[in-house]
Every structure is written in structure tokens, then in C-alpha cells.
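Below, subunit A partners subunit B and then partners subunit C, in two separate complexes.
== the complex of A and B ==
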């Protein structure tokens, strides 16, 4: 595919973001059944069908350039969105290697990586970058290795150090988050940074997840979905900027909700890193407008049922309780009560 | 565990009861009613108390509620005693002591969560092992809160919500706690409906 594949759009101010029909078809709808509750729900992060968001290790889609431009603006306004504790530099190099090798392999028209010993040349055509540097030598890159590569990769990233039978969130690039603060959480252990999540602790979800992740193997990444709701296509729904984006939640009506309310899906994957033994955690956010989503009848029926029946504590934690009734009212127009098929793939009717 | 701190979430620190331990030296840092925990600790050392005190440094700060029990601690006749009016004043001395620490230094922290959290952070940053640090909560439950928006810290927060002492936003106080900042998190309470601020309730005393 050529470089004209990438759209020019905004995630702020005039909000010109939208999904093409093809992007809607490949949207990672997160609900495999008509109801939702927390679970560990991890599966191997293996290559999926051609054209799906799982086709490649790191999905590059039509929003790539616009998302990278938005990230650069967030970092200009608040550099603390990207932090790495001093012992995490090696993990940053591991991540840089993983991403560069994956993208050069999966998207050879757009990315190239050439190695002569430790002398590497990275070419990123969509972003018009060509960089020669020495692998493992920080002074040869304009940023630290994690920041350098994640300024060129969609999705948030955290790096977890593993020690004392725990995972510690000791580095991250976090500009497209569902309302959590890297600056506040950096340095926390697994249960600490998940502390605010309701119900899941009592269900044992985090104990099981941690046990599973401590044994994560090199070359065997796993993935899971998470989701929330976002009014207007804002990538940067951070607690830091909550006073800026919070008021929009009070402006939804039945007339504008289809256009302004977005389902926000995170495709999260976890990768053991080779040198540092850290775990990389990409959190890739996909946005879809309700009016885009309801073009898939199965998804429309199912989302209606999920939102209608979700536990109020979860709706509160995910920040959409105040608009839940309105969402249900809008979505009910597209639910004729017919059964839905298992699994989340869309189906033509 | 202290009943007045119960019922919170997993990022919230838990505190114990100070117990005398064998060590090459002893560093005791307390504020307000925390002085009582130090006195009890020394009493618990029994016959070993004199030997312990001969290798003990005490740093003490009056509590945010005004409690000043310097006299009780001075009367212990430890090897050194230092009183400061606030944590910022005590901090350079504390950091020097931590930086000079030999293997086997035992650290005892008691008093408010703000004092314990900051001293614990400084001890860890100085490279001391977690296992060398004991904590005991006593006294005021006022909170040290970081505004997630402007990053400013407001000390001795008594009410929820409260007004950020830096940016002026009305913040509610979460139980989510960062050891690195030694602070709870404050989040704008009227972000979605500006001006709709519920009355402040005195939650912390």
C-alpha cells in the first residue's frame, strides 16, 4: 500500500477523526458474547486473518500519522507522559528492537531496518525518518530508545521490570490512556497500579494474571482486550487533562450521541523481552463512533445488551454511568432482539 | 493495623508496630504522636535499651495537629536528637544520615502517613533495603495529596473535596497512593459539571 493510505485527521479541536468502511470492518470489537464481566481473558498473540488488526505484531492502520502527530503535541505540553526509571534503559532497547524488526518484516514497503554489526539504519517512510545509530548506545539517538521508537508507534507502552515475584511499572509512553496517570503510577507493583479497579481484586483476577505473566516466555506474546467509552474522538483522555475533556460528557443528546460517543477498545499485548527480562505492554487504543459501529448489525445488537446490563460499578469506573441510559436508548433502535452468534467477528446480513 | 485507616485499596500502605531489632545503628524518625511509638519501642528493648540508645539518632517534627512531644524524646538521651519544624527542614539532615548509613542500620518511622511516606521514600532512594525500614502509624490522619492536574502537593488535607493549594481546582481525594510521591491522588471533582462542588466533609483529622 502506498503512503496515501494514511489519513490526515485530528483528535482534538475540530475532531475530524473518522473510520473508513474498511477500518470499521476490521475494528476489534471486544465482546464475544452479549454480556461483560472482568476476566483474565488472555490468548496467544499469534497472527490472525489477513487484513485484521491481528495480522501483524504491531498493527499500523490509516490513523498512524495523525496519531503520531497527536502524541507529539501531548509530549510537548507534558513531557512527563513519557518516563523511564534509570534501570529500564536496556528494556527500552529491547522494545526498540522488537518494534523495528517486526515492522520491517511486516510492512516492508513502509519500514526498513539494516544492520551492520551494532550499526543500525532505520527507515520509516510514512514519517520521513532515516536514522543511523549504534544499538545499545543512547547518545546516538535523539531520545532514549523507548521514547524514540514509541514516538513512531501507535498505542501506549509500559515496560514492567520483574523482581521479587512481582512486576513493577518502571517505564512508559502514555498519551492515549483511559484515564490513568503514568507519572503517579510509575514505580508501583502489579496490585498497586491496579488498585482502583473495582471487583476484580476480590475475584482474584489480578492474582491469577500476575502468576500467569511472571511465567511469560520469550517469543510467546499474549493479548487481551479492554474497553471503555469516550465522548468525542480524544486519544488523550488523561487524568491530567480531565478538566478539559470532562465537560463534554455533559453535552450528549439523542441527536448527537451517534456521532460523538465512541467505543474505545484497547488491544493489549504482553511480550517478554530478551536482554532485560522485562515485559513490554503495548496498549493500542481503537476508537469507533456509535454511528459507525451500528453499521454492523451483530455489533449493534450486542453492544446494546452489554451496555444495558453492565454492572453499575464498572460503568462508574469506566466513566460512562451518567450517559448509560442515553446510550441504551440510542442503541436499542438497532436491537431487534434476534440472537447473536458467538465470537466478535462481524457478519454480513 | 489501625482501624481508622481500614477499608481501602491495594496501593495503600499498611503499617505495623515498631519492634527493636539488632542493628549496627538505629535511626528513628517521628512526627506528632509518633513520639509515643518511639518511647514504646525503647521500653520494649528492656535491658538492651541503653545499648540501643547509645547508637540511636532521633529526628522529630511536631505533628500537623500541633502535637509537640519533643520533651519525651529528648528525655530518652539518645546519642543524638534533632527537632525540626517541618519535613522540608529535616530532610537534608535525614538524607545525610541515610547517605552515610552503614550496613545494618535499622530505621524506625512513626507518626502520620505523610511523615512515614516521605521518610520511607528518602530511605529507599538512598538505597536502603525495604527490610531495614519499620513503620507505625500514630496520630493525625490528615493526608498529603498530589493534584493530578498541576502536580502540586497540598499538605495536611483535612476535607474531601478540598481546594488545591497550587492551581485552585476542587479536588476529591482518592485512596490511590504513590510511594514515589509519598502522596494520595487528588482529582478535579467538578470537571464534568463545572461549579457543582459538593460540600467539603472533614474526613481526615
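== the complex of A and C ==
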């Protein structure tokens, strides 16, 4: 694909973000059945069908350049969105290597990586970057290794150090988050940063998830979905900027909800890193407008049922309880009560 | 994580007799190409076909993590063991094709350490060979104290001294040299992390001394891979698989489960990682708990068994596998 594949759009001010019909078709709809509750829903992060968001290790889609521009603006206004404690530099190099090797392998028209010993040259054609540097030598890059590569990669990233039978969130690049703060969470252990999640603790979800992740193996990444709701296509819904996006929840109407309400899906994956023994946690956010989503009849029926029946505590935690009735009212127009097929793949009718 | 884990096909590139007890093996990827990058302290599980018995033994990677053209392990011959080390010593020759698992690190460096203080006994030197190479390349501060029974058995002493000079300290038992542990620990700067790998008495000595001197648990790291001990033959009922199997004296319970064609999780096969923890549904007899994963209370309760190293003696044992 040529470079004209990438759209120029905004996630702020005039909100020109849209999904093309192809982007809608490949959207990672997170509900495999007509209801939702927390579970340890992890599966191997292996290559999926051609064209799907799982086709490659790190999906690059039509929003790439616009998302990277938005990230640069967030960092300009608040540099603390990217932090790395001193012992995490090696993990940053591990991440840089993983992303560069994956992208150069999976998207050879857009990315190239050339190595002569530790002398590496990285070419990112969409962003018009060519950088020669010395691997494992921080002074040869304009930013630390994690910041350097995640300024060129869609999705948020955290790096978890593993020690004392726990995972510690000791580094991250977080500008497209669903209302959580790296600056607040940095240095926390696994149960601490998950503390606000309702019900899951009592279900033992986090104990089991941590036990599983501590044994995560090299070369065997896993993935899971998470989801929430966002009014207007804003990537940066952070606690730090709540006054900018929070009040918009109070401005939805039946007339504008189809256009302004977005389902926000996070494709999260976990990768053991080779040199640092840390775990990389990419959190890739995908946005879709309700009016885009309902073009897939199966998804429309199912989202209606999930939103209608989800536990109020989850709707509160995910921040959409106040608009739940309005969402159900809008979505019910597209639910004729017919059964839906298992799995989340769309079925155009 | 289990039998489903991807294996790496390797070819034995070199076998070197280091001394009367230790042989060193170098593996390259069969068909060429690099092996996965690893971190100092990692081990791989080496798969052996010992006259029809499948053995899977963990060995620490001792080569420089920056060099992924090959992996090196050292194997100490255990004449009283189940046979894995004897197989490695007697049967494995250059050119042989084998399978290994991907590197797993249960003994990682704590990269917050301002200084890394390492204490090795005998063959316990192997993970530190990789760790020192990794720390040296990053310019990190470390100190290695290495004890062996005799100069001849102190594999790699010369190599380490040549490479790291006064950052390495050697102690030969039969020459009456011993680590002044209390003195050593009392001299360390704040932020030092302590690592120990070696025989059990040494481990206990170092860990208890450090604890008595007030070292925080989080700054003290140890690794002891137990070879699964030999014992008496016993029978086990596998409830889920609806099979009754016999565990031979020179076989571990995990190996017997695998030999019966039953999938069972594992990672370290040395009683350390917890992956093979299995519920005991019925126990009329005595479980020999040889792991250091289960708590003392769990061991006493007789409701769990680590299949990789623990055994049974008695009338009837039923496990959930």
C-alpha cells in the first residue's frame, strides 16, 4: 500500500476522525456473546486472518500519522505522559528492537531496519524518518529508546519490571488512555494499579492473571480485549485533562449520539522482553462511532444487549452510566431481537 | 509453559571436558540463524531421548547474552542421579541434533541494583557467567565470589579472573580458603543486591546470614535447581486421565505422567517455579516434598504435590491430572 493510505484527521477541536468502510469491517469488536463480565480472557497473540487487526504483531492502520501527530501534541503539553524509571532503560531497548523488527518484517514498504553489528539504521517512510544509531547506546538517539519508538507506534505502552513475584509499572508512554494516569500509577505493583476495578478482585481475576503473567514466556505473547465508551473521538481521555472531555458526556442527545458516542476498544498484548526480563504491555485503542458500528447488523444487535444488561457497577467504572439509557434507546432501533452468532466477527447482511 | 511450548531444534557444535566432573556443550540453531536473545540467569530445558525415556533437564545458559549465535551450558555429572547428566556426558557428541525449550529466567538480575554481589558454589557458577557478561557490557558494578572444592573443579576460574580481574574472588576449599561472608555483607553499599547459586548448605548459609544481618528479602536472590531425586518405585492414579501409572525409581512423577501420554504443565522441572503444582485428591501414605515452592503448611496439608521433584511412599495416591 502506498503512503496515501494514511488519512489526515483530528482527535480534538473539529474532530474530523472517521473510519473508512474497510476500517469498520476490520474493527476489533470485543464482544463474543450478548453479555459481558470480567474474566481472565487471555489468548495467544498469534497472527490472525489477513486484513484483520491481528494480522501483524503491531497493527498499523489508516489513522497512524494522525495518531502520532496527536501524541506529539499531548507530550508537548505534558511531558510526564512518558516516563521511565532509571532501571527500565534496558527494557526500553528491548521494546525498540521488538517493534522495529516486527514492523520492518510485517510492513516492508513502510519500514526498514538495517543492522551492521550494533550500528542500526531505521527508516520510517510514513513519518519521513531515517535514523542511524548504536543499539544499547542512549546517547545516539534523540529520546530514550522507549520514547523514541513509541512516538512512532500507535497505542499506549507500559513496561512492567518483574521482581518479588510481582509486576511493577515502572515505565510507560501513555497518551491515548481510558481515564488513567501513568504519572499517578508509575511504580505501583499489579494489584495496586488494578485496585479501582470493581468486582474483578473478589472474583480472583487479578490473582490468576498475575500468576499467569509471571510465567509469560519469551516468544509466546498473549492478548486480551478491554473496552469503554468515549464521547467524541478523543484519544487523550486522561484524568489530567478531565475538564476538557468529561463535561461532554452531559451534551448527548438522541439526535447526536450516533455521531458523537464512540465504542473504545483496547487490544492489549503482553510480551516477555529478552534482555531485561520485563514485560511490555501495548494498549492499542480503536475508536468507532455508534453510527459506524451499526452498519454491521450483528454488532448492532449485540452492543444493544450488552449495554442494556451490563452490571451498573461496570457502567459506572467505565464512565457511561449517565448515558446508558440513551445508548440503549438509540441502539434498540437496530436490534430486531434475532439471535446472534457466536464470536465477534461481523456478518454483513 | 507446557508440552505445547515451541521447541528450538539445535545441533551440538562443541563438547568440551572442562574437568573430571564437568562437560561444556555449545548448541547452534539447526539450519543456521540466531537463537533467541536472553537475559543473564536464564535456563533452557534440554530434551533427551535416553534409550526411549524422554528426559527434560534444565540447565543455566552461561554464554554471553549479547552473542546469540550459540548457547553454552555446563553439565556436572551426577553418578547417583536419574540419568540425565550421565546421558549428556556419555551420549551427546558434536553434530548431534537435539531440542531445547526457549530461555526462561527464574533468577533475573534486579536492574535497580546499584551494585550486584554474587556468590557461587561449584557448578552454581553457570548463571553468573551470563550475568557478569551482561553487567560488564552495560558498565554496571558487580563483584563475584566463587567457591569450589579444588582448583581443578573450579571451572572457569581462570577465564573469570582474566576477564574481570579484581571484581572476581576465588576460594578453594581444599586450600582452606573460605568466604568471610559476614565481613563481605557488612561492607556493601546501600542498594546492593545479593545473588547466590550453589549447593543447598551454601544457599542456606548465605540466605540465613543475610537475613540475620538485616538484608531486605527483596534484595536477596537465589536459585537452586534440584535434580529430581531418585527413590523407590510407586504408583499414582491420575483422576482426570483415568489412568494408573507406575513411577520408576529413576523417573520423576512428571516424567511418568508425560510417558503415559498425559499433558501436564511445567516450566523449570527443578522444584522452583510452581508451574507443575497439582492437587492431591487422595493420599494414604507419605508425600516426599522435595520442592521449594509449596509453603510448609501446604506441604503438611498433603493437598498439593509438585510433580517435577516430589515423590510418594505408601498405599494410594490420587492426583488431579
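By definition in this document, the second predicted complex is superposed on the first by the 349 of 349 C-alpha atoms of A that agree within 3 Å, B and C clash if a C-alpha of one lies under 4 Å from a C-alpha of the other, contacts with A are read in each partner's own complex, and residues count from 1 in each chain.
Quick note on the criterion: a contact is a pair of C-beta atoms (placed from the backbone, for glycine too) under 8 Å apart; a residue touches a chain by one contact, two chains touch by 3 or more.
As the structure is a computational prediction, the values presented were derived from the model and not from experiment.
Participant: One more residue to check, A:276. First (subunit B), second (subunit C), both or neither?
Facilitator: Touch status of A:276: second partner only.
Participant: Between subunit C and subunit B, which one touches more residues of subunit A when both complexes sit on the common chain A?
Facilitator: Touching more of subunit A: B.
Participant: I'd like to know which partner A:219 touches here: subunit B for first, subunit C for second, both or neither.
Facilitator: The answer is second: A:219 touches subunit C but not subunit B.
Participant: Tell me the contact category for A:183 with respect to subunit B and subunit C: first, second, both or neither.
Facilitator: It touches subunit B, and subunit C stays clear.
Participant: In the superposed arrangement, does A:161 touch subunit B (first), subunit C (second), both or neither?
Facilitator: second
Participant: Figure out whether A:306 sits in contact with subunit B (first) or subunit C (second), or with both, or with neither.
Facilitator: A:306: touches no partner chain.
Participant: Under the stated touch criterion, which partner chain does A:87 make contact with: subunit B (first), subunit C (second), both, or neither?
Facilitator: Second partner only, subunit C.
Participant: Where on subunit C does subunit A make contact in their complex?
Facilitator: Touch residues, subunit C against subunit A: 1, 5-6, 36-39, 41-42, 65, 102-105, 108-112, 134, 137-138, 217-218, 267, 273, 275.
Participant: In the complex, go through subunit A and note every residue touching subunit B.
Facilitator: Residue list for subunit A touching subunit B: 80, 181, 183-188, 191-196, 201, 239-243, 246-247, 249-250, 322.
Participant: Could you please specify the touching residues of subunit A with respect to subunit C in the complex?
Facilitator: That would be residues 86-88, 90, 136, 161-164, 215, 217-220, 274-277 of subunit A.
Participant: Flag every residue of subunit B that touches subunit A in the complex, lowest number first.
Facilitator: Per the touch definition, subunit B meets subunit A at residues 9-12, 146, 148-149, 151, 169, 174-181, 185, 187-188, 191-194.
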